[in-house]
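I have a structure I would like to understand better, so I am pasting it below and will then ask my questions one at a time.
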Amino acid sequence: MITLTHYLVLSALLFTIGLAGIMTRRNVILILLCVELMFNAANLAFVAFAKSLGDPSGQVIVFFVITVAAAEVTVGLAIAILMARRLSTLNADEVSLLKW
Amino acid sequence: MVTGFPVALAAWTLLLAPLAAAAGIPLLGLHRKRLSASLAIGGLLVPFACACWLLLHTLQGSLHLPLEVKVSWLLLPDLAIPFGVLIDPLSLLMSLIVTGVGSAIFIYSTGYMAHDSGYSRYFTMLSLFAFSMLTIVLANNWLELFIGWELVGFCSYALIGHWFEKPQAADAGKKAFLVNRVADFGFMLGILALWAHSSPLAAERTLNYQLLQTRLPSLLQSGWLSHETLVLTGLLIFCGVLGKSAQMPLHVWLPDAMEGPTPVSALIHAATMVAAGVYMLCRNFWLFQGAPAVLETIAWVGGATAFFSAALAVVEPDLKRILAYSTLSQLGYMVMAVGLGGHVAGMYHLTTHAFFKALLFLAAGSVIHGTRRQNIRELGGLRRSMPWTSATFFIGALALCGFPALSGFFSKDEILVLAHEHNALLYWIGSVTAGLTAFYATRAWCVAFLGQAPEHLHAHESPPVMLIPLVLLSVLSIVGGYLGIPAFLGEPAGAFHWDVAATSLAAIATGAGLAWLIYRRKAIAAEAIARRCAWLHRLLVNRYFFDDVYTWYVEQVQQRLIAGACALFERFIIIGLAVNGLAWLTQLAGRAIRRVQTGRVQGYVLGFCCGIIALLYLAGRF
Amino acid sequence: MNWPTVAVELALCAGVLGLLLTDALLGPAKKQAIWKLALAGVLVLGGVLWWQRPWIGQSFQPMAAGQAMFVLDPFAWTFKWLFLLTMLVVILMTRVFTRQAGANIGEFYLLLYSALLGMLVLASVHDLLLLFIGLELLTFSLYVMAAYLKTDARSIEAGLKYLILGSVSSGFLVYGISLLYGTVGATDFATLRDAFATGQMPLLAKAGMLLVLAGLGFKVAAVPFHLWVPDVYEGAPTPVVALLSVGSKMAGIVVLLRLLYSVFWPVQAMWGGILAVLSAATMLYGNLAAIPQTNIKRLLGYSSIGHAGYLLMGLSTASWFGAQAVGYYLLAYLFSNLAAFFVVVTASQAVGGDRLEDYDGLSRRSPLLAATLFVGLLSLAGVPPLAGFVGKLLVLLATVESGRLWLVAIGAVNVAISLYYYLQVVRRMYLRPAVGTQPLVVDPLTRAALIALIGGILLVGIVQEPFLRALSSAIRF
Amino acid sequence: MPTVVPVLAVLLLAPALGAVLLCAVPASRADWARRIAVAATSVSLALAVWIVFDYDRATGGYQYEVLIPWVRPLGIGFHLGVDGMSAVLVLLHALCSFTGVLISYAIKERVKEYYIFYLLLITGVFGVFTSLDLFFFYFFYEMAVIPMYPLIGIWGSDVKEHGVVRFSKEYAAMKLTIYLTAGAVLALTGLLWLYVSSGAGTFDVVALQHHLSAFPLDARRQAMIFPLLAVGFGVIAPLWPFHSWSPIGHAAAPSAVSMLHAGVLMKLGSYAIIRLAMGLLPDGAVMWLPWVAALCTMNIIYGGLVAMAQKDLKLIIGYSSSSHMGYVLLGIAALTPLALDGAVLLMFAHGLMTALAFALVGHVYDETHTRYLPELGGLGKSLPFIATCGVIAAMASSSLPGFGNFVAELLVILGSWDRYPLQAILAVLGIVITSVYMLRMVRGTFFGTLPQTFTHAQDAQTFFARLPYLVLVAVLLLVGCWPRPLIRLIDVSARPFISTFAHPEAIRMATTTSSQPR
């Protein structure tokens, strides 16, 4: 029997993986992918909650979140392109002109 | 009988006319020399006339003394300080001296200072001085006395430093003021103590002489004013006298004060201001009477000053400084007299001293004016070139020595008699001092006025405007002993003591004779004596090292050690460590904190996660 | 359906479309003037907002049944004015900037409009989902605008950092929303408030609340969610930074006010304590780190962190007076910070940089610019008779009333610290010899705007009662 | 006493209006700027003089009140009013600012900006002395502090030793501003705490006082709030050891600013301690004032000794000010009517004296370009007028009779004799120390031989140039020679003020009985 708790644990794991990925991966594209993971973890939670509550609005929210995430990635990719062009790198670590 | 308005007017005019002159001179134009002088002289002659008028009526019996007029200067529920004029025989006598001798000196000054660039400033300060001195004299309470006391100190400062471009003059003025300030520290505390103990009720405290005098017995009886407090208060108040009347060990400023113009020395540093201390002691004799310990201290200080200063005059080559040491010595006599319980004798000597010492100073001024020199070794034979000056100086010197029938003889005799009765040791000190006095006076006379004039000395007699005051003062110096001053003060002179007179005459004769032998006959070489008593000579030439010790204290201890240490503490501990240190720490914190901002985005994400954890932790706490 | 309540937002959507079309139709030569259109649009929006008065207090319900997602209460209406005012000034600022940015100007105003839409929505938001969407709308526009100078490495870096950190914070926010949804079963504020009315909160909901707070903390730049601020402020185009520092922060505070003072009101003991700690950390961090700064934008970035601390301090009181103080503080902050940034925009074009050295002797070259920056900075420092003083005073007073004297002490210390670095700028402008001799020309419109901002600062600083009354009637849920 | 014209409002707003007008004057017209400043301060001066004469001594209390409700929800009102004590201080400030504006004619560059800041400073100080509302009190207080920064930073001068900069004007300006602001926010914390604890819901000083006399604050709470106010305001007073901003600030400031700064600004602190700290927290005051009395002795003696070791003229006067403010604080701490009268009168007299001294040093500096004592000398020859005033200032400072300082210090000493005999004795000693450094300064500056380099130095020659000095000297002398009217004016308010204080013994008994278990 797969209960709500299972889903939530999975979602938390996904979220943590995403977060860990953001902190460890240098490549901007990978970082964006990890962000996507975080959002999907939230989506999973929404869906699971919606299912367990029997309330459809949670599932509706997921659509919104997906859209937002897509937009997020779009902007992110655009900036990645600018980076590649102007700074000739996609390594997030190397971008640290601004500090202190 | 005169009463009411005319008397009040006379009293107020007596006090305020010089102030009006002092205010008028700068207001009406400092560049108008004649006007300044006329204002100043007028501003002193008018009070002199008032004083004479009051005296006349007193002697006629148509004026009842003491009389008091006053306005309230400070008026609060718990503090009422009047500003008043108290006229009794004592203050009347003193104001006559101040205005009379003062007028002579003012007139003399017009000649002496004729070509000075600070002419009007000089007369402004003289007038202000006259006012301040009269404030001391006529005060009816301690605070008013103190006000005058401080103001004469200021005038003395300004007049000593009249030629402020001369570093010595500027330093001397400063020294005079500061030494007096140190003394006034005690004086002020004494007055405060007196005020605090003048009544058990805060609202009824007073500084009025008459009130205090009447209250004193009951205060002592009730124990509110203990005997110890009275002694302490008396000693503190006497501190003021140490400064103003230049008693040892605070006498050091007076010889230096000779840097000022000579009329100033005559008026302030011989006749009037330095005598203020003695006057104050006499005026408040009732206070000291109750504390014999204080009187004894006073007597000893006076005796010591009389003797030791006279000894200094013996080796001094500067004419004015000789007179200054002489003044110290004579002041010592007066103080001793008061200490021995003879305030009338003290006042008597004060009066005659005012005459002859002013005379001596003015004569010395005339010499300086005529020769531009004041070292007696560079002078000589003035008897011929400056006959009037010499004659008057001679009269003054005789009076100073206590030559029989001259004023100084009578007054000094009074004091010696007193000492003879009360304290044998002081009596002998006084007699020896009389001998020393005769010695240095003769020395000055012989070296400066007799003998051959040195080369390049172009002496000329002074103008009449300077000579007339000299003559007037000579007359007073001669007749000062016959005016019945002690009787006027309410204590007729005692019987004539032949033994005392004989002793002192012997001392005078010895002193004068020795000086004559050494300096006129050259029978004994002065250098030889100096060589024989080298240590003594060194001690005297260096003025007992008082100045050296004080200079060392002021420059090394006070300025460099104490003030310097405070300045260092300020600079390095308070500013450097505490304030700048705190600022530095804050900046350091800023510089440390900005390092958190590494510029790496993944580090920021990590920070964000830490924040979440911190939030969770805090949520658990609250 | 209550359409008039969303009239401003609809009008703004129309405006976005209009700008889009105009941008496409206008020739490159005329595009420079597009700011006028944008400005006019904001004025029209102001008119619409004024027209909306009769509908204040009503809400917009997308479905016949269910709770309102969008309300036009006095609170929302009042703050919408402030957002419009901010946008007005920012558009005026952009005039100089667009000359530098080059061809693609129209898009910039498009983005400004969409950011404004986000802010307006946030003022009225009454549902967690809408909150998320409004926030993202605002943030996305800012991501793009931050990286708008495509050839400038710093601008790109700012955009990247803002994007990554913003996404992470959105991730937390949306995860937090999911947890709240999961425990209550709804996302609208009314239901949520009723669910927590007892003061009891399930563990998951608590976690959700904290995650939402973190997401909003990111917007208002509360330590430790502030790390993006200095870098983005330094790198992004200055008008964008002005919008970030005023509009975006204000949006965050507005949402926080609504959430904390209605939805999470019953658990105020918890968030009050948390916010007090955050506030102390934020003030100290921002003000201390600002001391050694040498770039004016970065300095203002740290300073804005410091101000976030004061705002949080007001929120932490959990009292209505504290909320009004926060409102007043925002008002003062709006004028003062916009004045400061306006000068930075104008001056940096002329003096050629954002380093503090570039401001040497500014008062000799342009008295007005220097005076405006002087007044703005001193107002930020909290000096009477300027607006910031009243804001600080009210916040401190509210905190004293709440009994957290330690927090007051830290706030007071920070006044002195912040004055130090603001005066460093003043020192440059007034005490140092000028770097160049030629006077800076300030065009009349900018001049008028600057004077108006000074006037606003003085007005808010001296005449407090009307503003305070307006705030006290607006801030209630 | 109803008047048609709100005198205090006009007095307060005249300089502010001047500042606003100045903004409109073109920067090139320095002469207009000066005239506007003179006009603005003249109006204030005339009104201040009028108030001092017209103040009804029979009724006492606050007069010429203006009360406009300002922020009603918080109980803030624009409440102006003066009693005897503040009337005297208003006059002091009016005199100092008027003469300061005249002295500022020596300023030649950026004249317009200078006068704007200067007039703002003047407004702030007037505001503090006339405000009867905590909010506006603080409002004007802080407003008076900030203009000091540009005034010192732009028009000031570095402090040099042998030609080497010891500290720069920028450092001095920053230190002063931050230090005073830190003090001010400390005091603000105290004021807000007081406002909240009182529960009266009003910032109005008078109303608050009424409320607190009916429902006194718990003595322990008072004891906690009082030090905040005393130290916060004490910083500007300046209470030892928080004084270090002041000599440095004075030394670096242009002379007209030093005049206001030492002459008036320092008095803000002591005035605030009287009016707010003591007026609103009487029990706290009784508990803490012995500490103030102890610290102010350090002011007097230590400040004097440090002044003795200084070589920069302005530093000497600066430390002297901090030393003399010790007398003011002692007079306040003594809690007797006599001492408080003396303290307020000393604020007045010392303000004028120190303004005079700074104006003189400013002239000397303008003529010789140095303030370093070893480099000066003999200026009495080329600057006779300035030298005369210099001697007068030195004498006033060493409390020579005839100057207000003497009467004031005398009252302080008499008044504190019973409660703090040791402090009173040290205060007398302080007078000696003062004369030491003052005479040293006069000797080094004006007396002795005149160095060749200074022979060209110009005296203040025209009547207009001499006017500020003459005004200050005249008032000092007037108050010193005839102090009765002014002291009466002070006493009218000071005596009832002091009478509200419980005797320390009574307080001690009250606290011991309340702490005992019933």
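Labels for the chains are A, B, C and D, by order of writing; each one numbers its residues from 1.
Here, a contact is a pair of C-beta atoms (placed from the backbone, for glycine too) under 8 Å apart; a residue touches a chain by one contact, two chains touch by 3 or more.
If you're wondering where the values come from, they're calculated on a predicted model, not measured in any experiment.
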| item | value |
| --- | --- |
| Selected interface, A-B versus B-D, where C-beta contact pairs are more numerous | B-D |
| Chain closest to the middle [Cα centroid of all protein chains] | D |
| Intercentroid distance (Cα basis), subunit D paired with subunit B, Å | 36 |
| Mean-CA-position distance for subunit B and subunit A (Å) | 96 |
| Rounded Å distance between subunit C and subunit D, as computed from the means of their C-alpha atoms | 42 |
| Distance from the mean Cα position of subunit C to that of subunit A, given in whole angstrom | 26 |
| Multi-chain contact sites of subunit C, meaning residues that touch two or more partners | 160-161, 164, 168, 230-231, 420 |
| Contacts with 2+ other chains: residues of subunit A | 19, 22, 92, 95-99 |
| Residue list for subunit D, restricted to those that touch at least two other chains | 178 |
| Chains that touch, pairwise | A-B, A-C, B-C, B-D, C-D |
| In the complex with subunit A, residue positions of subunit B that touch it | 594-595, 597-602, 605-606, 609 |
| Contact set on subunit A toward subunit B in their complex | 19, 22-24, 26, 92-93, 95-100 |
| Subunit B to subunit D touching residues, read off their complex | 72-79, 143, 146-148, 150-151, 154, 157-158, 161, 164-165, 167, 170-171, 173-174, 177-178, 181-182, 184-185, 188-189, 192, 195-196, 202, 558-559, 562-564, 566-567, 570, 574-575, 578-579, 583 |
| Interface residues, subunit D side, partner subunit C - complex | 27, 70-74, 76, 113, 135, 138-140, 142-143, 146, 149-150, 153-154, 170, 173-174, 177-178, 181-182, 185-186, 188-189, 192-193, 195-196 |
| Subunit C to subunit D touching residues, read off their complex | 363, 367, 378, 383-385, 389, 393, 396-397, 400-401, 405, 408-409, 412-413, 415-416, 419-420, 423, 426-427, 430-431, 464-465, 468-469, 472 |
